[in-house]
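Order of writing sets the labels: A, B, C and D. Residues in every chain begin at 1.
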Amino acid sequence: MQVIVPAEEAKVRIARRVAREFDEQKRSMVINLGVGIPTMVAGYIERHDIYIQAENGMLGVGPLAVGKEVNRQLINAGRQPVTETPGCCYFDSATSFGMIRGGHVDATVIGALQVDQEGSIANWIIPNGRQLGVGGAMDLVSGARQVVVAMQHNTRDGKPKLVKSCTLPITGFCEADMIVTELAVFHLGGSRLVLKEIAPEISLDTLVRLTEAEFIVCANLKTMSV
Amino acid sequence: MQVIVPAEEAKVRIARRVAREFDEQKRSMVINLGVGIPTMVAGYIERHDIYIQAENGMLGVGPLAVGKEVNRQLINAGRQPVTETPGCCYFDSATSFGMIRGGHVDATVIGALQVDQEGSIANWIIPNGRQLGVGGAMDLVSGARQVVVAMQHNTRDGKPKLVKSCTLPITGFCEADMIVTELAVFHLGGSRLVLKEIAPEISLDTLVRLTEAEFIVCANLKTMSV
Amino acid sequence: MIRPGARIMVGGFGLAGYPELLVENLAACGVGDLTVISNDLGSPGVGLGKLLTNKQIRALIGNYYNWNPEVPEACFRGEIEVTLVPQGTFAEAIRAAGVGIPAFYTAASVGTDLARDKETKEFDGKTFVLERAIHADVALVKAHRADELGNLVYTKTARNFNPLMAMAATLTIAEVDDIVPVGSLDPECIVTPHIFVDILVRRD
Amino acid sequence: MIRPGARIMVGGFGLAGYPELLVENLAACGVGDLTVISNDLGSPGVGLGKLLTNKQIRALIGNYYNWNPEVPEACFRGEIEVTLVPQGTFAEAIRAAGVGIPAFYTAASVGTDLARDKETKEFDGKTFVLERAIHADVALVKAHRADELGNLVYTKTARNFNPLMAMAATLTIAEVDDIVPVGSLDPECIVTPHIFVDILVRRD
């Protein structure tokens, strides 16, 4: 299998592109970041008025804690020790998901196993008997105002993750608003997948070949900045 | 109309009798007191581990505030300025009614316009066009573990308030657990009204004459201490 | 920011914890046809009562209007529409709107006049009534202090419905006595996180 | 105080804010056949994980067990029964039990495997799933500090499910780092009022 963008570079590219999306909205936002690539997004956000919410009960999550900063009672939803930003606050899990379910969180960035061309997301379980957990994924995709999927374009063995119809158990139907991979940026418009940006390394033909989902190409297709 | 116990004395007697009920339970309790006679109950409670909850968001309501103690931002549910007891705390109205609805408040003491022989309570409105308010009465009678009705035995013009079936709009069906008037103490047992205590001034015949509701007399009928 | 016909929520219980300045301004600007969602309506000509005296109100949703006799009078003359909701249900329904719960069940009011036309359902042999969330276009709340981000803390029983209403409206305007720098409030003691607050107005 | 077959709730998220001492004691006393209601089950042999290693668990209700691979293993061997609930629904259902709401509607999980066999209903054209309150016999919670009455305050993200679980059980036992005299805690900053707490246990 041909590697177009090496995994580590791909992850950084995705995180940076998602971060830019928020920076460009030019307004104060509250966002929630899932584990993996989504957590990396925080490191690339430049604006200071973008606040990170952790669903385990915190608004104003700072960078990961290192050394003496580590406090076992101060973690993010991925169980990583984190720091505080000024003006942060704590609350119980019902209030935390109240923010999410009530539509107060401007965006959630999540990873996914599959996303289909209608924006349905599968990211909570591979039915293999070794997994048993849903976490806050279903609440987040149904509650957050904007759902950004940040994931590598294909699986490790080269299978498409952007599919016609999810074959894995669904987290939420038609919930994705934007999908960022290392090869492309898609928006969901009227339940149709629209290609907005394409990576400089590949042609549209290559992208179509690496993508099972059907998509339409935006009239104003741009080259993804990398 | 014959006055057996003058109104002011009646109110004090009722409040004192209700207070004794809580004092005798010999355990820490949280109680909620309605406006009128119920509010007076606080003044007669002797135990120090009986805490008063106000549904507008306070646990640990102290005596009414006087003089310099008055703080416009510290009131009970009847809009009276109150004081704090040590260990008091404040919370929003949803949490406050969460305590009530969730069965955490041990008892509520409320006034009533009518109570019927099945324990249904009418205390929120007289349909005369001059009233429009329900307050927390319906939440309190359905949520508190014990519902104590504290009211004068008859209306000002001598009509029975303990009736066969309420004619006024109902606050809660079969919710009363105990009824204290200046003339008698009743319990509700298996949806039947049971006379437990009778005032020293009257005979059982007189009580029956002044009470429209049917009741059974407890084998161990006591004289109400006054 | 408040248009004719808007649904507005106003915090407070009696005269404790209501946004006095914001209500004054609303009365002064005269915008009408309002639906006002509040515990009560103050007293005649006082606090929220002013909006009724000024005939700015089309409908009320709340639970206790006996402190302001102008309300039952206007209602029975047919000038305004009043929806009474038991106080605990009212608080929970506002919270529900804030936290994305469209409806919930409660035992309060089952079988009474206030549950007429409402769906009921049995759980574990007991009957409950279905209550819908109560949303608003704008919430006017009163807090004691804010930091510059909009985190809020309250004072005593002036808290009441304010933290709930802050969550339940499209736009939340908080009137505060004091604004302090970010980081001045104890993160453990913040009652309303800034995510729920859009605009701060300081009393002077 | 915890009998075989009891439904117990335990606060905590990962290893933050769980009642370490109470869980140790529960593991030491060996009481079995438990239904454990918690966010997760710690790690293998660590925290709540001990109860599974000890075979004290009959059923789990929670939302995330991937941090403890012994859970899926035991589940798929049929040794324990696991009910997964989305985390937000889980939190809200525990609160609901505490505040006397038997059931509520949420959009989370609609149409998914986790909503199978659950009732749904439309509100304003959108579908929601009916979720029942989650009660327990005993709640084991962890707070930072209590006053002698049982008012509780927490630390940072160790708060999580603890204040909710404190409301939702017949008996609530709170493990705290510190007990201070009544009146020492700021009445505005108390998170769990003492009405919800039955027993205090101080760590030494």
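One rule holds in what follows: a contact is a pair of C-beta atoms (placed from the backbone, for glycine too) under 8 Å apart; a residue touches a chain by one contact, two chains touch by 3 or more.
Here the structure is a predicted model, which is why all the values come from computation and not from measurement.
**Student:** To reach chain B from chain A by way of touching chains, what is the minimum number of steps?
**Tutor:** Counted as steps through touching chains, the separation is 2.
**Student:** Given the two chain pairs B-C and B-D, which is bridged by the higher number of C-beta pairs in contact?
**Tutor:** Pair with the higher count of C-beta contacts: B-C.
**Student:** Can you compute the centre-to-centre distance for chain B and chain C, using the mean CA position of each chain? Integer Å is fine.
**Tutor:** 28
**Student:** Nearest whole angstrom, what separates the Cα centre of chain A from the Cα centre of chain C?
**Tutor:** 36
**Student:** In whole angstrom, what separates the CA-based centres of chain C and chain D?
**Tutor:** Spacing between the chain centres: roughly 32 Å.
**Student:** Any chance you could list the residues of chain B touching two or more other chains?
**Tutor:** 90-91, 94, 97-98, 100-101, 143
**Student:** Would you mind listing the residues of chain D that make contact with two or more other chains?
**Tutor:** 92, 95, 99-101, 106-107, 154-156, 187-188, 191
**Student:** If every chain is a node and every touching pair an edge, decide which shape results: line, ring, star, complete or other.
**Tutor:** Other.
**Student:** Where do chains touch, given as pairs?
**Tutor:** So the chains that touch one another pair up as A-C, A-D, B-C, B-D, C-D.
**Student:** Which stretch or stretches of chain D touch chain A in the complex?
**Tutor:** 13-17, 39-40, 63-67, 69, 71-73, 75-76, 82, 84-92, 94-95, 106-114, 154-164, 191
**Student:** Where on chain C does chain D make contact in their complex?
**Tutor:** Counting only chain C, the residues touching chain D are 92, 96, 99-107, 121, 123-124, 126, 128, 132, 153-156, 186-189, 191.
**Student:** Along chain C, where are the residues that touch chain A in the complex?
**Tutor:** 95, 97-101, 147-149, 151, 167, 182-183, 185, 187-188, 190, 193-196
**Student:** So in the complex, the part of chain B that touches chain C is made up of which residues?
**Tutor:** Within the complex, chain B touches chain C at residues 54-58, 71-77, 79, 90-94, 96-98, 100-101, 129-140, 142-143, 169-173.
**Student:** Going by the contact rule at the top, pick out the chain A residues touching chain C in the complex.
**Tutor:** The contact residues of chain A facing chain C are 30, 51, 53, 59-60, 84, 86-91, 94-95, 97-105, 143.
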